[in-house]
Structure formats: structure tokens, C-alpha cells
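Each of the next two complexes has chain A plus one more chain, namely chain B in the first and chain C in the second.
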Partner chain A sequence: MMKRNDLLSEIQSRFKEDIIELFDKSSHRVYLEIRPGAIIRVAAYIFKDLGARFNIASGIDTRSHIEILYHFTVEAIDLLISLRVKLDRKKPVIDSLTPVCEAANWIEREIFELLGVQFTGHPELKRLLLSDQWPEKVYPLRRDYKEWDKTAVRDRGTK
Partner chain B sequence: MGITTRALLKSLWVFHLSTGSCNNCDIEVLDCLTPRFDVERFGIKLVGSIRHADVLLVTGSCNRKSAERLVKLYKEAPQPCLVVAIGECSLSRGMFIPSYNCPKPLDSLVPVSAYIPGCPPKPEAIISGVVKLIQKVKGK
Partner chain C sequence: MKKTIIPIGPYHPLQEEPEFFMLTVEGETVTDVDVQLGYNHRGIEKLSESKTYDQSVFVVERICGICSTSHPFAFVRAVEDIAGIEVPMRAKYIRTIIAEGERMHSHLLWLGLAGHFLGYNTVYMWVWKLREEILDVMEIISGNRNNYAMFRPGGVRRDINPDDIPLVLKKIDKIIPTLKMLFKAVRDDPVLHARTKGVGVLTKEEAIDYSALGPTSRASGVARDVRKDTVYGAYHEMDWDMIVTQNGDVFDKVVVRVLEMFESIKILKYCFLHLPDGEIDANVKNIPPGEGIGAHEAPRGETFHYVRSDGGNGPVRHKVRAPTFMNLPTYKATVKGAKIADASIILAAIDPCYCCTERMAVQTTRGRRLFDGRELIRLSQQKTAALKRKLGIDQTMLEKLTQGRL
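This part shows the complex of A and B:
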């Protein structure tokens, strides 16, 4: 197994055009911001060639972008690599990682239902956790989410 | 006190339902049943099916999916069925009150007989709540 710094410089030289920023946070943690179009290439290299473990993906709606972090652990050298992609808030679309890594299936479905990110190439992009009564195209973790349920009670019953 | 109430209060059989809690209340409920507090010596026993139960213990903040199941369970319970809300979440949804997934408090879905506050309530509080519930049903 490569050493930590060799591994990082290998990734950097291999994906020179795709990497926007590398943030070396600590000895165990690296953030790698990449172009959304390159996610499959970079993730496949980290997952298949480096033998990293896919932990989880996380999504957040920031002021400027919808951001997804894909967290991979290279266990042999105890390094957590987080791939960061920034998607357009108006039309968040990205390639699905599921064909590369089956474990991405459910978390992509969850990001799809909660943030409305479209994962192209996902085998079964449907809701995972929300109730059946939840209306279409309403995404609860978006910044502009407005309550749609008129029957909801939002007080504690006290004056 | 009629014979039904007497029979009901002699030994309360409890069905424990978590409607999306953090499991801390569930652990405290479990504490009540294990040897240190051992409510089974008062005839309070956990049962595996709502159809055997006299009391429905509810923990958690009733999210959209579990609220449906809760109402269904309450309808399946043999009447009279007492509902006990345990913990801040099932009382008022606590910090989850603005949550998109917790639209209604428990007591707007089913009638609640006893509220046991706390986050989580101590086993002593739960036992005291049960005692108060029994007193209330007895009409004291």
C-alpha cells in the first residue's frame, strides 16, 4: 500500500483536470473537491483500484450550491477521503455511483427524496423513507422548503 | 369499582411502541422491567402483541409513517386500552416540533391517559406515572 502522501500525489497527478481543490485537513482526513462530471472516474479509482471502503454520502443545500460529499476510507493507511461535488441549485444532476459501488444505492435514493438531486444511471431511483402521502417534487431538506401540510400542528398546546 | 376495572388494574399488561424515538426512553422502560426496579412484581408485564395488552406505552415523536401504524394499533387493542406517553417527544415532540416529518402530537392522534415527562424519564418517574394512572382509573 502506498504511503499517505504518495497516494495523494498519485490521485492529484492522475486526475489533474478533474480536481478543483484538495484540502488536507488532518493526518486522517482529506477533502477533494472535484468536477461533478468526473465523479465516476475518481470514485472508481478510489473504490476499485485503491480498495477503499465506501462509507456514506451526505448532501447539504448551501446558499450557492447543492453539495454532496462521498466519504471513502482507505483502511490500510487510516485515511478518510471525502469527495466533494458542487451541483447547480436550480438543476442538481449527477451521475449515479451505484453501477460502480452497490452500497451507494440507498443513500442516493435518500438524497434524491430529501434534496431532489437526480442521479442519472441509477437502477431504481425512487423514494426510500418518506411517507406515501408526501407530495411529489417537495424536498424537505432544501433551503426553500415551505410547509405544505395544512393540518400540521406546530404549537405545544400552551399559550 | 366494577369487575372489569378491577380485572384491568389487577395486572396491567403493557405493549411498548416506539414511534421513532432515540431509544433512550425505550431503555428506561426496559430498566423498569429488569431486576433493579422489576415492575413485574406488581403484575406489570410486557406483552408481544397489542391484542393482549391493557396499556399502550408510546415513546417517540410520531413521524408520518409511524403515526399511521400507531392509530391502527390503537384500533386493534382490546378496549379499554390506556395510552401512556413516555418522554418529551411523545408529550410535545420536544425539539422535533418544527420537523417536516412530525406533523402531529400524540394526543391529537389517540386519547392519552397519562403523561410521563422527561428526556428520558427516570424509571422512578415511570413507576410513579403508572401508580398515578392506576389511581386515576380507580377514580381516586
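This part shows the complex of A and C:
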């Protein structure tokens, strides 16, 4: 296994065009901001070639962007690499990682329903947690989410 | 051959929590499965964003009823990661004690349930009796059988009283012979072999592709344990082994969990005997803006928390990833080709925990609580009355019939 700093410079030279910013937070945490178009290339290299484990992805609505972080752990050297992509808030679209790494299947479905991100190439992009009664295009983790009237859902079957 | 779809759930006697599985079977063989989640969705991530860091610890403690310490452990590590806080050594030992005690009782609970699913209720009764001893230990040191409320960013809330330690050690020693006997019984029982050997195999490649965690991955030959991979808690202070087996079937998952309990006992005893003196809290005041990630090896695998701070007194984004979220999809790989009678034990082998997987919510409408206990009873009575009307059940006749008998 490569040493930590060798590994980082290898990633940097390999994806020179795709990396926007590298933030070396601490000895075990690195944040890499990349262009959204390059996500499959970079993630596939980290997951397949470096043998990292896919921890999870986490989405956040920062008001200016929809931001997704893909967390990978290189267990042999205890390094957590988080790939950051910033998507347009009006039309958040990104390539799906599921064909590369099966582990991303469910979390992409979750981000799709909670934040409204479209993952192109996902084999089965449907809801994971929210019920069928939840209205379309209402995303609970968006900052502009408004409570909607749930009385009808609550009382179904009682009348 | 004709395809048949067998629905299991959302409410089913074999499931301790509501989940819906749609098994496609040809004859007796399962060919596909579709898992539908969401019956336990409580909105905890969103809820946590409206709390302070101190309060969030209590919120995440309630994500799971069994591994109630795993989430606070990962969460406080994430907050400490943002600010770069160094935790006092004594607090690290106390955290390790709580985490390992929890692993013991969680694995025992699972072993009992596994016996129950196989129709082997003797194992179930024995194991749960043994689990009581561990819960007693946890009650002595924390005051609670579960939901220990011991963690806070920067340290722990309560100290362990040195006078309790001899009693606790005596109780732990009492467990060992029973556990050994139990392990031999599991290892040598022909019925258990017949039901679990070669059943529900997860290959090493699949475990890597699905990023399986904890005992599920270790039983498939993937040596993966946050306690070994990362330096945290007191795990690097003593010798203990990571249990890895190669076959990936249900039997190996049982073996991994039972042997892990012996390692947990080793860690627990070391911690109690070598508990250092000193502070138990780093007295954290402000959390600066930034991002932090915390992980902890829960009984079922790695718990992962991502927290973002804007410098205020609570998180602006809090992502919770429970181990079952990664382990449950492996069911798709393990159940295919299995006999339908084995479907439940293959699922049980990953030790699924749905309320963790779905996390989510106290619902409010314009500041008013949507549900409370009385409301739920009223709704339930209304629904029963509506059903009775629909089915034409004559209440007075039934009452007359049972008068004087009940």
C-alpha cells in the first residue's frame, strides 16, 4: 500500500483536470472537491484500484448549491477521502455510482427522495424511505421545505 | 417453472420490526427479492439539526434500542473531529467499557433470536438469561440497562465508581463458563450445522462490492474493523484479536459473533483493571465552523456520522449511516438460490436493525404535535369500530355470549 502523501499526490497528478480543490484537513481526513462530470472516473479509481471502502454519501442543501459528499475509507492507512461535488440547485443531476459500486445503490435512492437529486444511470431510482402518500417534488431536506397537510394521510382507514 | 411472489411483512410474526420483503420464488427456491423500507422513518437527521450538540447526543441515542451507544459514540467523535478535541484517557476507557458491554449484550440478543428463528428455543432462553448479567453490569456502572446517556462531546458525563469494580469483575467472570458451554453447544450441534452450514453464502467479492460491514464482512474473509483500522477509544491499549472467518455462510456469522464476545470480555476486563485516573471531560465550549466525520464499530458494523457546523451551537447538517444500511442490501446476494425455509435465518444472519437504517420523526404541524398517546388510541378505536361495521360484527350478541365467562 502506498504511503498517505504518495497516494494523495498520485490522485492529484492523475486527475489534474478534475480536481477543483484539495483540503488536507488532518492526518486522517482529506476533502477533495471535483467537477461533477468526473465523479465516476475518480470514484472508480479510489474504490476499485485503491481498494477503498465506500462509507456513504451525504447530501446537503447549502442554499447556493446542492452539495454531495462521497466518503471513502482506505483502511490500510486509515485515511478517509471525501469527494465533494457541487450541483446546480435548480436542476441537480449527476451520474450514478451504482454501476461502479453496488454499495451506492440505496443511498442514491435516499438522496433522490430527500433532496431531489437525479442520478442518471441508476438501475432503479425509486423511493427508499418515504411513503407513497408523500407528494411529488416535495423534498424534506431542502432548506425551502414547507410542512404540508398530513391529516388525510393520518386518518386514512378510520372513516 | 411458474414464478410465485411471497410477501413477508410489513407485519409478520418473525420480524421484530416492520419491513416488507417481496420474495420471488420458483418452486421452493428464491430467485429474487425486493426490500421495501420506510415503516420506521422518524426524521432524526432533520430533528437533530434543530438541537444543540449536547441535546443531539440524546436524540441519536434513541435511534436504536439495542446499540444505543454506537450512535452517540460516532456522533461525539464527529464533533470532536470538527474542533480537533483531545479526549482525556479516563474518558476513553469509560467509553470503551460502555461500547464493549453493549456489544456483548447485542451479540447475545442476536444469538438468542437466531436460535429462535431456527426453532431452537433452548438457545434462546439460555442466552437471554445470560444477557441479563451483562445488563446488570451496565446498570451498576451507568445506572441504566440501556440508553446509558454517558457520552458528551469532549468526554463522558458520569464517572465509574471504583467501589463497583470488584462486583462488576465478579459478574463478568461468572459469564465466561456459561458462554464457553454455549459456544461448544453451538459448535457441536448437528441440527445447527444442518441448518446453517453453506446457507446464505456472501462471497468475499460481494462483501467488498456491497461494502458490507462488521461481522457480516468479517465472516466473508474481509478483515474490516474500525476498532483496529482507526486509533480511537482505548482499543489500542490492549491485545485482542479481530475474528475473521472465510466461508461467509450463516454458521460463520454465528461463530464470528460468539468468538467476538470473548474478545469483548478481554477488553472489558483490561479496561476495568487498568482504568487510569484523571479528568473525564475536556469541557468543550464552542464548536468552530467546519466539517467532521466520526465512526465507531457498532455490534453490527461501522456506524458513520457526518456533522457540519457553521459555528453555532448545533449542527447544520447531520448525516447518520447505520451499519444495516450497508448490510441489508447484501440480502439480495445471499438469498438468491436459497430455499424459502432458509430465507428468514439468512436475513437474521446480518443482524438487521431497521429503526437505525431508517432513522427518521417527531412530526409537527404549525407547532402542534400531530400524534400523542391518546390520539393514537382514539384512532385505533375508530378504526376497530369502522372494521366491525364493515364486517357486520354484532357486539351485543358477543357480549351476551361471554357474560359471566370472562
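As a working rule, the second predicted complex is superposed on the first by the 150 of 159 C-alpha atoms of A that agree within 3 Å, B and C clash if a C-alpha of one lies under 4 Å from a C-alpha of the other, contacts with A are read in each partner's own complex, and residues count from 1 in each chain.
Rule of thumb we're sticking to: contacts are C-beta pairs under 8 Å (C-beta built on N, C-alpha and C of every residue); 3 or more make two chains touch, one makes a residue touch a chain.
Everything numeric in this text was worked out from a predicted model, so none of it was measured.
In the superposition on chain A, A:R53 makes contact with chain C only, while chain B stays out of contact range. Looking at the shared chain after the overlay, A:P140 reaches both chain B and chain C. Of the two partner chains, neither chain B nor chain C is touched by A:S13. Once the two complexes are overlaid on the shared chain, A:S64 sits clear of chain B and of chain C alike. In the superposition on chain A, contact is made by A:R29 with chain C only, not with chain B. Within the superposed three-chain arrangement, the count of touched residues of chain A is higher for C, of the candidates chain B and chain C.
In the superposed pair of complexes, A:N5 makes contact with neither chain B nor chain C.
By the document's definition of touching, both partners, chain B and chain C, reach A:S131. Once the two complexes are overlaid on the shared chain, A:V153 sits against chain B while remaining clear of chain C. Where the contact sets of chain A with chain B and with chain C meet, they give residues 130-131, 140, 147, 149, 151, 154-155, 157. By the touch rule above, chain A contacts chain C in their complex via residues 25-26, 28-29, 31, 51, 53-56, 58, 60, 69, 71, 73, 75, 78, 80, 82, 101-103, 105-107, 127-131, 140-141, 147, 149-151, 154-155, 157-159.
Residues 130-131, 133-134, 140, 145, 147, 149, 151-157 of chain A touch chain B in their complex. Within the complex formed with chain A, the chain B residues making contact are 63-65, 68, 92, 97-98, 100-101, 103-105, 108.
Within the complex, the chain C residues that touch chain A are 37-38, 41, 43, 45-46, 81, 84, 208-211, 224, 229-231, 291, 293, 295, 302, 304, 306, 308, 316-317, 319, 321, 325-326, 328-329, 358, 360, 363-366, 370-371, 379, 382-383, 386.
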